[in-house]
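Take this structure, written in structure tokens, and hold onto it; I'll ask about it next.
Letters A, B, C and D mark the chains as written, and numbering starts fresh at 1 in each.
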Amino acid sequence: MLIVNDLSVFYGKIKVVHNINFTIEEGSCVALLGPNGAGKTSTISSILGTVNSTGTVNFCNQDISKIQTEDRIKLGISIAPEGRRVFSNLSVFENLYLGSAIRKDRAIADNEIENWFNIFPILKERKDQSAGTLSGGEQQMLTIARALMGNPKILLLDEPSLGLAPMITKQVFELIETLKTKGITILLVEQNATEALKLADYSYILNSGNIVAHGNRSEILKKGDLMSSLTGVEN
Amino acid sequence: MKPFFKKISIPIFASFLAFPVYADTIKVGFPVPLTGEYAPYAEIQGAKCMAEIINNKGGVNGKKFELLVQDTGTDTQTAISLTEKFLDQGVVAIGTIPFSDTMIPVAQIAAGYGVTILQAQSTQVEMHTGIVDNFISNVSPDPFTAAAAAEYALSEGVKNVVLLTSDDGGSWSAKTPLWFGEVIENGGGKVLSKMNFSIPTSDWSPQIAEMKKLSSSPDAVYISSIMPDVGVLVRQMKAAGIDAWVFGSDGLDDPSLDSVADSDKSILDKVAFGTLAPSQPGSAMQEFQAECKALGMPVDGMFPALGADVIMALAYAVEKTGGTDPVAIREALRSADSIPVRTVESVSFKNNKSHAERTVPVIGFKNGVRVLLSNAIPRFVPNWK
Amino acid sequence: MNIFQSSKSFKQAFWGATLLSVVIASIGVFVIFFGERYHLRLVYAAYVNLLVVLGLQVFMGNTNITNLSHSAFMGLGAYIAAICVTPIQIKKLSLPDAPWGLNAFELDALSSALISLTLTGFLAFLTGLVIVRLSGIGATIVTIAILVIVHSIFMHRTDIFKGKQAFFGIPQVFDLSSIIMISIFVIFVARFFRESKWGIQLRASSDDEKSADAMGVNIFKLRLVAWTLGGLILALSGICYAYYLGTISARPFYFSHVFLTLAMLILGGMRSITGAVIGTILITFGLEGVRFMETGPTILGLKFPEMLGLSGIALGAVIVIIMVVRNGGLVGNFEIEQLFIKTRKNI
Amino acid sequence: MIDYVVQQSLNALSFGAEYALIALGLAIVFSIMGLVNFAHGEVIAIGGYCMMVMAAIAFRNPIVIIIGAIFASVIMAVFLERIAFRPVRYADATTGLLTAFGVSLILQNLFLLLVSPRPIAVTSMYFLDWPIKLGSIRISSLQIFETVATLLAILFLVLFLKRSFLGIAMRAASLDFEMVRLMGIRANRVIATAFAISGLLAGIAAIFIIARRGAVDPTLGFNPVLKAFVACVVGGFGSLTGAVLGGFLLGALEVGMLVILPQSYGGMKDAFVFAVIAIILVWRPEGILSPQKEKGDKI
């Protein structure tokens, strides 16, 4: 469904991602793991088209590497970004409302909002409260819900557990599990490799802008030394 | 070496080719404000038109007028360098930005060449205090226009006046109202209050509220300012129910004042201004403007029209002296009893040397149309030197 | 040379300034020997503007904060020197109501200039205390406030400044050769400041305030130094203006001059002294050409239409095009000596 | 005396309304793309010139002229965004500010070149102005229209920003522009809308300015925008409430200075107003309503 081919990312003249390739099958959950500064978020950004990159990104048999960010979103790519980035002065409802921007049919979208309120009763309770007043976990839920409002074909999750208490982290991963069972294709970027590996069908390990390993959970775990040094995962 | 420099400097100072040197022309330099703050005061349209008219008739003693015109953007430095340039090209007179901060240095430089600063429209009093000798203004200084307006006001029974002053237009807007007040007081009237304003002002309501607070209501307000500000004042005073005259100086002599009466013909009935030349329908100035329009050289407004007088005065002096020596021309101007010009019948510089002795018209409105209320040399002019 | 981080930056500054001085001096000398009289005026005015642009560069170029008050400081310099140096007889005539005995003393040109520099520098320092604490748009608006306030005072304390009327009778002290020497001096000052420890730290801090903070750079102090130095150079430009023209008024020290000199700085590139010089030269000569076109000349038998306002359009277009196409100006961080000597990558 | 106080307070209100109207136009653009649009004054002027042209080709219907002028301002604002401000959209505030200065310079001189450096009479809006008697005080209908129009504009703007999709997107964009793009909302559309609204506000301002002045000249908009810019900064740049507050504050300050200052200092009004502004900025560098490090969206 998503094929990344020979992708490099540049900040000015500095190359931060070096000619990487990876593929995400429809309905699968793929994890992109690695330490801080490995180039994970840069990779996501280049899929979204918000940074300068070379190489191609193919989505649903269409080369999207030359088109505008907004058009990529419209094709069905959705992002729950790192640091959550909720619109803090907008209400919870308005945040979700903007999430449904690409929906043609408003009635369905409104229905969807209701739907999500049922899944997260806490969001419903705080519907008219401004998003900035929510707790970190609630904001993360809101971010994911917002990203799903557009009924995406693929969901990019950038560090969903960052800065959350262990209890909340658990809830977030449970939510991702639920999404998986609903058949949503997911690209998960995480530093918390232990949990991510559990969830993912296939994983890529990035270091200094290069893919240094890939495979399913067991294959990755075999490369114990590398894993422990890069991600802290113990055998 | 010099010709070499000229050759290579063409692309840089691109200005040499522009003024081919004819030995037999009367060159007049105009480093004037065609753009910028003082663009409305440029006399150049009328000067060009008059030069064309004279040249079409064969010039003066066979010599044709050649006007060297360049824009200064209302910048003194530029005016000065252009003055030097024109002086080197042998002009007989210079007309420049009509404000003393430019006219003084320009006159000082021109003095070295014996060239006169001949202004079509400059009314500022500073130029007549003897700072420079080679300055001549073709019009009467501000105290005269103020006095003429005041004399008319007194004849209309005006007693109590409010003066609006501002430093933004130099002495023209700061002192002219005071001179008006002096003549009014001399005639038995009273200055109720002096108020301050800035140029531009597009809402006079605070000042008008002050006027309404005065113990007795004013018969007249005097302001030396420009359009469209004055038009706003007239309308807002009327709206506020203040039934007083609005008197002003030459700044009101702008065609756009007439349009204030577009929707209410009577609104200008109590507006009058002492100005530099009669501009009502049928006046010499309007005839001149019509003539220029026919020539395809439209001249809109009084300041642009006044340029004609300067050219005519120069033509007179050239004819008198039979040459183009700038000093001789100045002498000829200053010794003539009467020099025929276009906007009024004649002017004379014999008594005053640095400014014209001419009648000062007061223009008012009837039914939204300009009328000449009076046109005389004022009897009492405040001491201004 | 402990104001420099290394002898290399000193050398760079020295050679750069020397090369620019040669360029600047040769233009002046060429005009003195071969130019018409009015060219002298024109070029003198250009030198005054060069001083203004350099004064502007010292603050704007090193801190990246837009300053719009420079013409006000130039005006202060001009007026203070003029008040001191103008002979008593003339002041009795032109400033009859001046308070504090301002019309009852006169000084020689040098003392007047020094007083003007001291007072303007002090005022720059005082305003600087406010400016350096603000950033971005806030700082810019305060510079506008300074411009408006100073202009307002010039305009309305007519007993001292004469407002829009002429303050005349200032003796002519300078000629073209004096201002060439002053320009060279200022080029050296500006260039040395740019390459000094302070200049380098300032530019680093304007790129990244946080990291400069972490490096222990006291941005406030450095900005204050740059602001005050800029103010002094601007005062000097005002003195040069008054000492040649002989007549000043409040009018030239306002928005139109602000935009003109700003365009000069931006065109060349405000980060470098070379850029400031190049921008001044290009706009000065360019505007002459455009002004000439404005009045509808006849060139090679072709009559061009009158196009008033063309110079304003050209100036605006220069600003917009530079901002859109080449944000750093024509030369960016480049300095002239890099043509000849290899240098480390400039900050 | 009471009359006098009431009268001057009403004057301050209508002064403030004009500044607020213009300041809102500046703030809405600033809050979204961080651009200080100094060319806003020329957007106002184009409204005036449009009225001039329509009067010249004998359009008499005031409604048509009003709509035409507003339309011209909107088109101009959107057009400027497209050709001049889009290329500097992601540049720093200084670049944007200088670009806007350049655009303003070009437009002023274009008006001068194409029309005239002199004021041209435009009297087609005079009908908005007639005296109204309220007890013993007389005010101009224009003051009421202007104040009411400003309040209505603020009300509609609040409704638009609260209720409409684009309005919500604009509020979001003022917080996190990139995130809005990542919702699949066209950045160009959001920004163009912001400029269109600022043009709309400029057009309304143009109507009142012309109704009062009865003439248009190239620098028509420069002074009001300079004041409005100050109002914005004082209120807290990018804050719409701040712009309105700043506008009314400035109006009060200006009328207050005229009333309080002795006549001999009357000319120094601007100096005092700007000095107060500078003091406010020293006290609160980000403006009165802008808390540190957070911009925009205070409605």
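We take it that a residue touches a chain if its C-beta (ideal position, glycine included) is under 8 Å from a C-beta of that chain, and two chains touch if they have at least 3 such contacts.
Nothing here was measured: the structure is a model prediction, and the numbers come from that model.
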Could you tell me which chains make contact with chain B and chain D both? C
Which chain's C-alpha centroid is most distant from that of chain D? A
Could you name the chain whose CA centroid falls nearest to the centroid of all protein CA atoms? D
Averaged-CA centre spacing for the pair chain C and chain B, given as whole angstrom: 35
So the centre of each chain is just the mean of its C-alpha atoms; given that, what is the distance between chain C and chain D in Å? 32
Using the average of all C-alpha atoms in each chain as its centre, how far is it in Å between chain A and chain C? 53
Quick check: how many Å separate the C-alpha centres of chain A and chain B? 74
Each of the following residues of chain A touches two or more other chains, namely none
Taking each residue of chain D in turn, which ones touch at least two of the other chains? 109, 112, 117, 267, 269-270
Quick check: what residues of chain B touch more than one other chain, meaning two or more? 34-36, 39, 167-168
Which pairs of chains touch, using the document's own definition: A-D, B-C, B-D, C-D
Chain A contact footprint on chain D (complex, rising order): 165, 168-169, 171-172, 175-176, 178-187, 297
Can you tell me which positions in chain A touch chain D when the two form their complex? 48, 50, 69-70, 73-74, 79, 81, 85, 87-90, 94, 97-99, 101-102, 146, 150
Touching chain D in the complex: which residues of chain B? 34-36, 39-40, 166-168, 193-198, 200, 202-203, 205-207, 209-210, 212-213, 227-229, 231-232, 235-236, 238-241, 254-256, 258-260, 262-263, 300-301
Can you name the residues of chain B that touch chain C in the complex? 1-2, 5, 12-15, 17-18, 34-37, 39, 69-71, 73-78, 80-85, 87-88, 99-105, 108, 124, 126, 129, 131, 167-171, 174
In the complex with chain D, residue positions of chain C that touch it: 64-66, 130, 133-138, 140-142, 144-146, 148-149, 152-153, 155-156, 259, 262-263, 266, 307-313, 315-320, 323-324, 327
